[in-house]
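Sharing a structure below in structure tokens format, with a few things to ask.
Labels run A, B and C following the written order; every chain starts at residue 1.
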């Protein structure tokens, strides 16, 4: 019997601090072309620090190997599908990476003269126009750094509009199926949150809405399609109810991948929405960010947009800071320009017809998955699915196996899990969104895996409960991590 | 596939949408173009921006060399195209790098715990203020005028709707440091936090220790902000800070016309449950091996919803990774040498001019224009393909005759000489 | 299973009254629902609490539950063992892992709470 030996690169890679040796360096700096300066003299001795204790000291080779080895412990879109619901994990086009790195764009300083920033300003103007067209809205701000910040920005604008009309109002209505950032953003904006229960079919209950909308309600925050992947068929009615009482309709645009070229929020009563460029518009997730969360609004909200705004000055672009109703700034400078460049590249690559095909393919793929998985997993809401579908673990729960366990077993089949236990209105949810960039081949591999697991649950539930088996790390102890948090490395 | 679904055509899948919401025309966008045409389009845009200029702007965004290794690492598909590491078993790469990042930030700032990054320095400061309010139970915040003006504007936007009054205190005109008397006068028992920046917006090393005394005497927290991370290679970590909020753009994050950047919040152990944003913690797997996972998630929006410490869902992971690789490449010795070079360059330039403030500065300083206006000086410099400093009139009317100059390891002697000459 | 000398709330807290001081905690049912407890956030000594109002919270890895005061009064003591050993709340929720003590301001409130039998029936009906 050959003793199994692990190749050394897959052994537990030490942290940088553990593989450091005094004096090792990986950097080079040019020689100074000016005289060196005594730090204590220039800064005051009391301001000069001792060495940075514990900071890494590794060579270039060690650094490259460290990061390369670590990277191999990650799953990624480049490896295979991420069926994460509402995350829209589509392929990240590499041309985006090339254009974002062009020197004139990557090295542009935000305070450089406007005359020398026309390229960046044109990109922003073009993207604003494209997003306005796609969403059917009147004006767009590209300032928010993420979807959640977009939500906050929009709520601040709605508040400003309502205040100008005489009453900012007190609360925001949020469906129980909503993403957690919705109530969190509302709270930061100073509003109380009131939950509105979904109907039996999983959509907005317009009769309930009608009962509770009054002059204390500033807005309803809705996701459309909702987090079940179902189009809110009563959205026009909901908009009417709200507008009749002077309230506004906000849409979380996370699920825009289902609608491009098909239906536009501006046409179904939405007053403001945010988009997630890292979802619908292909900018890379990068392990958790950066994203960007532009906000699109109807004319009534336009005066309140964050400043500065782009304006045309003869043949050039200029910034307009004289916006007296603006809610102000939500971040320094103009926006996550590097992300905006990537999103515009994506829109140029697809064009109008291409974006429509993105949405129709996304919906096609999701419906295919639904049909293949329906015989094996419980489908609590049977309305038409758009770009995502939500199953529940009810059948498997009878064997004591839950959505989290199935997700872990899916890893053994070479896939990233779907979204587990969300939305909250489905007990034991399995939220699945394939996106349009998955081929039938990949979709079939995924459904075959899910079907196989469903069978495993019947014959060997305990095995499924202890998955995964094939990963470098088995299940981690999240309880210990939370009870006694260790959030940094320490020597000794 | 349509057969499996039981639909006649793809359009059937949308038939259930109400007629009134359907878009009845194609999107008014040109058809898609090829990869080559896309690159060409952006090359044209890039050419319309400054190219090949020497630049002496700082003011919250800094020009530093980007080690080649940074893009090598972040371009790996495993880092670029991976998702938030909620599934620990298949995200140990990201989780480990974030744990290292958190550690390095603590080492740099002298704090006990750091989060996995915020959107940028400006929102990190606003979130730090909100954190102080939560922690102390008090409502009011004092912020120095020598803190970056756009950061203060963001704080104003965030604080307006939370019943969190924000008041400013001034700086002393000779030194350019915070006016301690003004701070002391404005301090009270309702103040949750005092916010100062060091080096401040004028580039000057500020009186952090004295500010800490004043704040702590009245039970308030001290928040210290930094915008130039390279300064931490040489400057003492902020003594007496309860929360540090900073911007890491200097660490290999391209200036990129203002974003995306990566902010960070670091604090003391006792405040860890109030810190916003993601945290990665160390644990073990079922085989007893060290592993990492997201932790203390109950602070966050996806669990706490409206009672969360913040609405933030992202951490700027890829940018934090760039910063981590930068910190690794430079390391203990290199970050110091880099900071020393910045100090040398800026002091060479200042030696040929007369800084307006007498306070000690790192790589930025303010100069008053004597015979011409700042705009005139900059106009002359543009003809030499040099972008001069930031005229301060737009932010500080009392300093309309001055500009903020920044010199880094990238600044060349000949260009600095040209800047000095332009002031004659 | 549920001590007879305790009174219970529908939010799954218990209280044991001795004279004018009530010792309170969460029930075994509550700790089971929560799963492994990682952190307990208790009100400060001296805090005035009202019956039914939120007074702290209990956290597991994936969830947070508010604690509601079973009776009104002033918090006189909090259990020191929970800061370092929140897991005791899973192990012994009715005994060693009490949460805090209240000096009752409205003793009559106690009679309105559920008896052990009533609570037992209540949680069975919930299933």
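Basically, a residue touches a chain if its C-beta (ideal position, glycine included) is under 8 Å from a C-beta of that chain, and two chains touch if they have at least 3 such contacts.
Because the structure is predicted, anything quoted here is derived from the model rather than measured.
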| item | value |
| --- | --- |
| Most remote chain, CA-based centroid, reference being chain A | C |
| Centre-most chain, if every chain is reduced to its averaged C-alpha atoms | A |
| Approximate Å spacing (C-alpha centroids) for the pair chain A, chain B | 20 |
| Intercentroid distance (Cα basis), chain C paired with chain B, Å | 44 |
| Chain A-chain C separation of Cα centroids, rounded to whole Å | 38 |
| Overlap residues in chain B, where contacts from two or more other chains coincide | 297-298, 303-304, 307 |
| For chain C, residues that touch 2 or more chains besides their own | 38-39, 59-62 |
| For chain A, residues contacting two or more additional chains | 478, 482 |
| Touch list for chain A against partner chain C, complex | 421, 478-479, 482-483 |
| Contact footprint of chain A on chain C as seen in their complex | 36, 38-39, 59-62, 86-87 |
| Complex contact set, residues of chain B against chain C | 273, 297-298, 303-304, 307 |
